[in-house]
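The structures considered in this document are given below.
Here come two complexes built around chain A, the first alongside chain B, the second alongside chain C.
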Partner chain A sequence: MSTHAATVPAALPTAASTAATAGKALTVGLIGLAATLLAALFAPEKHGVALSYLVGVSYWTAIAIGMLLMILIHHITDASWSVVIRRQWEHGLAAFKWLFVLFLPLLILAWAVPGFVWPWMDKTHVLHGHGTVGTDILYLKKEGFLNIYTFTIMTLVFFGSWVWLSARLRRASFTQDTDGNAAWTFKNRVTSAMGLPIAALTLTFAAIYWIKSLEYHWFSTMYGVWFFANCARGALCCGVLIMVWLLHRGDYKGILNTNHFHSIGMLMLAFTVFWAYVTFSQYFLIWNANVPEETFWYNLRELNHDGTTNQWWYVGLVILFGHFVIPFCALLSYRFKVTPHIIRRIAYWVLTIILIDICYNVLPALKDEHGDSLPFLSINLLWVLTSVIGVGGICIWAYLRSFPTTKLIPIRDPRIGECLTHHE
Partner chain B sequence: MAAHADTAGHPAILDEVKPAVLPRAILVANNRSFSWITEKICGIIEGKTPVWWWWCFAVACFVASFTVAGLTYLVATGVGVWGHANPVNWAWDIVNFVFWIGIGHAGTLISAILCLLRQKWRTSINRAAEAMTIFAVVCAAIFPVFHVGRIWYAWFLFPIPNSNYIWQNFRSPLEWDVFAVSTYGTVSVLFWYIGLIPDLAVLRDRFEAAGNKLRSFLYGLFAMGWRGSNRHWSNYEMAYLILAGISTPLVLSVHTIVSFDFAVSLLPGWHTTIFPPYFVAGAIFSGFGMVLTLMLPLRAVYHLEDLITQYHIDCMCKITLATGTIVGYAYAMEFFIAWYSANPYEGFTFINRAFGPYAWAYWIMISCNVITPQFFWFKKVRNCTWFVWVLSIFVNVGMWFERFVIIVTSLARDFLPSSWGYYSPSIVEIFTFFGTFGVFSVLFLLFIRFLPIMPMAELKAVTPQADVHGGHGDPASGQETH
Partner chain C sequence: MAAPSYGLIATFDTAPEIYHAAAQVRDAGYKNWDVISPCPLHGLDAAMGLKRSIVPRISLAGGITGFCTGMSLIWWTGAYDYKLTVGGKPLFSPMFAFPVSYELTILFTAFATIIGMFIVNGLPRHHHPVLKYDQIKRGLDDRFFIVIEARDPRFNLANTSALLAKLGGTGIKELEA
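What follows is the complex of A and B.
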C-alpha cells in the first residue's frame, strides 16, 4: 500500500467479476435460511427461532441503514476522502430490497399468528401477573400506535424510504461515471438533505416497532439514537472489511493509502465513543432514577425472579468491554488504524459485538414460566447464527451482484482527485 | 511519488477521464497576501479606537451595571429578592446559567471539534468563538455562585475540608457541575491562550517597531518569548492538538452534566434519557447562533468580507440548521415517548407545556428553535446577511426559552395540583439577567480592541499561496477540503 499519492490503475476497470464469490454467498445464505426455516418448522421452541430471525434481519438492516447514512453524510458534508469507499457502500444499498423480502416472513407471521413475535399484537396474550394485553391499560393507552395495521404500514414506509433513497443515490452516482456531469453531485446533495431527516425518523421508529416494542411497557427517548450508533458502527466496519478485501484482491492497489484507513479508523473511534456515551447515558439515567417501570427492562437482563444473576448480566459486561473498552483502546493507536490486517480484526470484533448488542435487546423478551429471560447460551443462539448467516449471505450476494456493474471507483466524481491524494 | 501521479501529486489518469469539475470554496477571498492579513488584523488593534467602540462600550457598561446592582442588592438583602417561591424554587438562575453555558460551548466546538475534523473554515471564526466561550462561562458562573445566597460561603462548593467537617454531596450533579464547568473554563482559557501566542508575538514585534514600549512589553510578556522557530511551531502544534483532543470530550461532558442536573431527577419532563445528546445539540445550536450574532456585525464594521466569506456564513447556517433540526427531533421524541410511556404525569407535563399557562413560552421555543433554522435551507436566505443576523437573534431567544420551558413548566405544575403555581421573575432577576449581556459585551469589546480577533498564522495557512503545491494541479489548493 502506498503511503500518500495514488497510483490509479490506468485501465480504469469496471470492477472485476465477482460472480463466483456471489454464487458462494448466495449458497451460504440459502443454506442459512433453510436451516432457520427447518428450525422454525421442527424446533420445539418456535418463539426462539422467530426472535432469532428478527435479530438476523435487524442486524443486517442496521448495517444497510448505516451505509445509507454514511453516503448521506458524505454528500451533505461534501467529503472527499471517502469517495472511493462510498462506491462500495452504494453497492451495499442493493441489499435493501432483499432485506424487505427477508422481513416479509416476519410480517406474514405477524398477520398469521398475531402475538407470536410481538406480544402486543395478540390481545389475548397473557402477561406475567398482569392479565392479558387487551386488558392492559399500558397497552390500551398506546394502541393507536401499537397495532398491526400501523406496524405493517410503517414497515412498508421504512423499507420504501430506504429503497427509494438508495435508488436515487445509486442512480446519480453511477450515471456520473458515464457522463461526468457535476449536476449528479448536486442531485445527491439534495437527496441527502432530505434523506437525513427521513433516515433519522425511519430508523428510530423501526427500532421502536421492531425491537423496543418487544417489551412494550418499556420506553426510552434515547432508543433511536442507540440504534443509530450501531448502524453507523456497522457500516464503518463493513467499509473497512471491503477496503481490505479489495486491497488484497488488488483492485484498490494504488487507490487507497494509509490516510484512508486512518480516516475511517478515526470515525470508528468517534462512533465507539458516541455509542458508549449514548448507551451509558440511557443506563445511568434509568439506574439512577430507579423507577420500576423503567428498570424492569434492565432487571430482566440481570436478575432472575429469585434474585440470582442470569446470563444476560455477563452479556452486558461483554458489551461494556467488547463494544467500548476494547475497540476504544485499540482504535486509539495510529498503527492499529492504518494496518489493514489489524483494523480488519477490529472491524470483525465490533461487528460481532453489534450482533451481541442486538441479541441483548431482542432475545431477553423470550421468557420462561417464571418470567425470567431465557439464557443467552441456549439453542436460540444457534438460530441466531443461522439467521445471521442466512440474511447476511443474501445481503453479501446482493452487494456482489451490484459490484461489477459499475466502475470500481466513482472515477468522475468531482472530489476523486482529492480522494486519491488524501492526506492528513 | 507514485508512477501514475504527476509532479503536483495529481493522479495523471484523471486528466484522461475528466472528472466533473466542482471547485472548492476559497477560504480567503481576493487572493489576499500574508501581509494584507497581518495588516488587517493588527490594524484593528493598532488603529485609533473608533467612536462607535466607545459608544458601544459605554452602553455595555451601563447594561452591565444592572447585573452589578442586582447582585449587590441580592447580597445585601438576601436571595429572597429573586422571584423563587413554592413550587418554583429554581428558575431564572438555572435558566440563565444553562443559557450562557450553552453559548459557551460553540467556541470550544468550533475550535476543537472542527480542528479534529479538519474543517479549515474554522480559522476565520475560531478565535472570536473561543473568546465568546470564556465570557459566556463568566456570565454563567454568576448565577449559581450568587444563588448560594451567602456569597462568601461559595467556596463550600469545593471539596475543601472545613471546620464543620461538612462535605459536599458528591452524588449530586450540581456538584459535578462545579468540577465540569471549572475544568471546562480552565481548559478553554488555556486553549484560547495557546492559540493566541504566535499572534501576540506579532503584536509585540510590531509595537516595538512602532516605538510603543509599554504595549510591546505587555504583549511580549504574554507571548512568552515566542520567536517562531521550527521548535516553537512544533511544540505549539502539538500542544494545540492535545488541547483540542482534551477539549472535545470535555465540551460534550460539560453539557451532559448540565443535562444531568435535570435528568437524574424524577420530575416529569426532566427525567428522560435523551437529555444528554439533546442538550449538547442545543448548546451547539445556540452557540452558533451567538457566533453569527457577533461575527456578522464585526465582518461589516471591519470590512472582513475577504476573511469571513459567504462560504463561512453558509457553513455556520448549515450547522445551525442541522443542530436545530436535531433539537426538533429531540422535542418530538420527548413528546412522543411521553405519550408512548402511558405515564399520565409525563403525558400531562407535555400537554401542559404546549397548551397550559406557559404555552406562549413553548411556542416561542418551537418557532425560534425548530421553524427559524428551516429558513437556512434556502440559499437566498443564507446570502442575505442581515436576515441571517436576525435569524441568529431568534435562535438565541429560542434557546433561552427552551431552558425556561424545561425548567419552569415542570416545576410550576408538579405531581400535586394543590401546590401548583405560576412563576414570574422579580424585577431584580430580570435586571440581573439583562445586565449579563452588558458584562458579556464589555468583555467582548475589550477583546476585539486589544487582541487579534482572528488567528493570523492559521488564516495564512489556508490561503492559496500557502499551498505546498503552489496551486498547480492540486484541486485542494487554498480551498476547503474534507
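What follows is the complex of A and C.
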C-alpha cells in the first residue's frame, strides 16, 4: 500500500483540548437524564420508563465492556496494529465508574419497589395465568441464584471488576508514556490474562441478571455470547467513529493509514458473522426443539395471544437484515472498509441496530392484560431515546475528560513503530 | 534480433532504488513487467501500479454458489424429490437448511479462494525464463531486479534498455525466451 504513515512526528503534543466538547456532552447528557427523571416521576406508564432506562444503561455499558475486551485482547495477542486506537479505548474505560453511578437508580429501585423492574424480586407478583412468583416451581428452583441479595452483590462485583481492570490497564499504559518502561506492557499482559476470564464471566452474568432475568422462565445458553458479540461490535464501531473524528480533526494525520481502517473493518466483519452465528443458533435451537419453556420468549416477540403478528416480529426482521445482512454485505467490500466516510456510516448504522437489538431483548417484558408484549412503537421509545442520550452524554463526557490527560497515542509503547507503519 | 527474447532484466542494489525505478516504469506505461526482490517491499504494489487481487471476488462467487447449493439441496431432497416430514416441521424451511448452507458457503468459499489464487498467480510453474539468467540467485539474497517482457506493447529493445539505464539499473541484459 502506498499509504504508509510518513514518519513519526518528532514531538507529539498532548492531545488538544476537548474541554468545550466535553462540556457540551455533559449538558446534553444531563438534559437527557433530567427528561428521563421527569418521565419517571410524571409519566402514566412508569414501568416502561424504568425498562427504557435499563436499555440505555445496558447499551452504553455494553460498549464500555466491548472497549475493555478489545484492550484485553490487544494485550493478550501482543497486537501491534491497534496500539494507536487502544489509547482511545482506554479513555473510553473512564466511563465505567459513571455507568455504575447511573446504574444505582435501578439498584435502589430494586430495593425500594421489589419486582418493579425484575418481576422475580417480588414473590407476590402475579404471573399471567398461574399463581405468583413465590409459588412458581421454576422460580423456587432458581431462588439461590435469582434473589435480590445475589443480584446486588453480583452487580457490585461486575462494576468492581470492570473499574478495577480499567484502572490497572489505564495506569500501566499512561505511566509508560512518561517512563517508557516495557515492564508496563508485560504488566498489562498479565492483567489481560486474568482479565479475560473475569470479563467473560461478568459480562455473561450481567446479561443474565439485568436482561435475561426479565423473563426468568426462559433458558438460553447463548445469551452471554449474544451480549458479548454486541459489546465487541459496539466498541469497534465507536473505535471507527473516534478514528474518523480524530483524522478529520487533524490529530491522526500521518498516524493512521488505510490498513488501520482495513484491520478494524475486518474485525467488524468478523464480529458481524459471529453475532449472526450465535443469534441464529439461539433461535434455531429453540425453533427446532420446540419446547414451550423456550419458545414462549420468541412467541412474545412474534405473536399476540390471538395469533396475530405483533410489531416485534417486524423488529426481529429489522434486526436480521439490519444487524447481519446489510453490514455483512457492506463490510465485504475493501473500499467500504478503508473509506473513512463510508466505514463511519456503517459504524453509525450498526450502533443504531445494537440499540434496537437491546430494545428487542428488554422491552417485550412489558405486557398488557392478555400477556401480550406492548408494541415497539410507543411512547417508551422516547424514554429509550432520552436514556440513551442521557447515559451516552455522560459516557462521552467521561471519555473527553480523560482524552487530554495523556499523549494522543502511546508514544513509548514497544509496538508503536510497527503500528505507525502497519501494513497488510 | 536473432532468437526472440523474453525481455530485459536490470539489476538494482537497494530497496529505495527499485521502489523508485518501479514507479518510473509504471509511469512509462509498461504493463508486462515484474520486480524480483529477496524480501517483501511494502508499498511496492502501488509503486508498480498493481490493482487489488480479484481473488476476493472469486471467493464471493464460491460462497454464493455454496449457499445456494445448500438451500436447494435441502429443498430438493426433503420437499421435492422425496417428501419427508421430520419432527413435525415443514417440508422445507430456510431455518433448518441454514446450518447446511452455512457450512457449504464456507467450504465453497475456501475452494474458490484456493483455486482462484492458483489460477491468478499462475502457480505451480516448472520454469521461468529469468531462471536462465546466471545472476538471478542474487534475487534471493541481496539484489533487486526489474524484468520487462518483450511482449509488452511499449517494449523496444533500445528505448527500454535506455529507460532501465536511466533509472539506475546495472547489468542490463536480454533474456532468452
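In the analysis below, the second predicted complex is superposed on the first by the 418 of 424 C-alpha atoms of A that agree within 3 Å, B and C clash if a C-alpha of one lies under 4 Å from a C-alpha of the other, contacts with A are read in each partner's own complex, and residues count from 1 in each chain.
Simple rule for what comes next: contacts are C-beta pairs under 8 Å (C-beta built on N, C-alpha and C of every residue); 3 or more make two chains touch, one makes a residue touch a chain.
None of the values given here were measured: they were computed from a predicted structure.
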{"item": "Fit or clash between chain C and chain B when superposed on chain A", "value": "clash"}
{"item": "Which of chain B and chain C A:397 touches, first, second, both or neither", "value": "neither"}
{"item": "Partner chain(s) touched by A:275 [first = chain B, second = chain C, both, neither]", "value": "neither"}
{"item": "Of chain C and chain B, partner touching more chain A residues", "value": "B"}
{"item": "Which superposed partner A:412 touches (first chain B, second chain C, both, neither)", "value": "first"}
{"item": "Touching partner for A:288 - first (chain B), second (chain C), both, neither", "value": "both"}
{"item": "Which of chain B and chain C A:174 touches, first, second, both or neither", "value": "neither"}
{"item": "Which of chain B and chain C A:334 touches, first, second, both or neither", "value": "second"}
{"item": "First (chain B), second (chain C), both or neither touched by A:100", "value": "neither"}
{"item": "When the two complexes are fitted on chain A, the stretch of chain B hitting chain C, from 9-17, 225-233, 297-305 or 405-413", "value": "225-233"}
{"item": "Contact residues of chain A, present in both the chain B and the chain C interface", "value": "2, 4, 288, 421"}
{"item": "Chain A to chain C touching residues, read off their complex", "value": "1-2, 4, 280, 283-284, 287-288, 290, 332, 334, 421, 423"}
{"item": "Chain C to chain A touching residues, read off their complex", "value": "42-43, 45-47, 52, 56, 60, 87-89, 95-96, 98-99"}
{"item": "Sites on chain B touched by chain A in the complex", "value": "1-5, 9-11, 13-14, 16-22, 118, 249, 252, 256, 260, 263-266, 271-277, 325, 329-330, 333-334, 337, 339-343, 377, 474-476, 481-482"}
{"item": "Chain B-facing residues of chain A, complex", "value": "2, 4-10, 12, 77-81, 137-138, 141-142, 145, 176, 180-182, 184-185, 193, 197, 200-201, 204, 208, 219-222, 224-225, 254, 273, 277-278, 281-282, 285-286, 288-289, 291, 293, 411-418, 420-421, 424"}
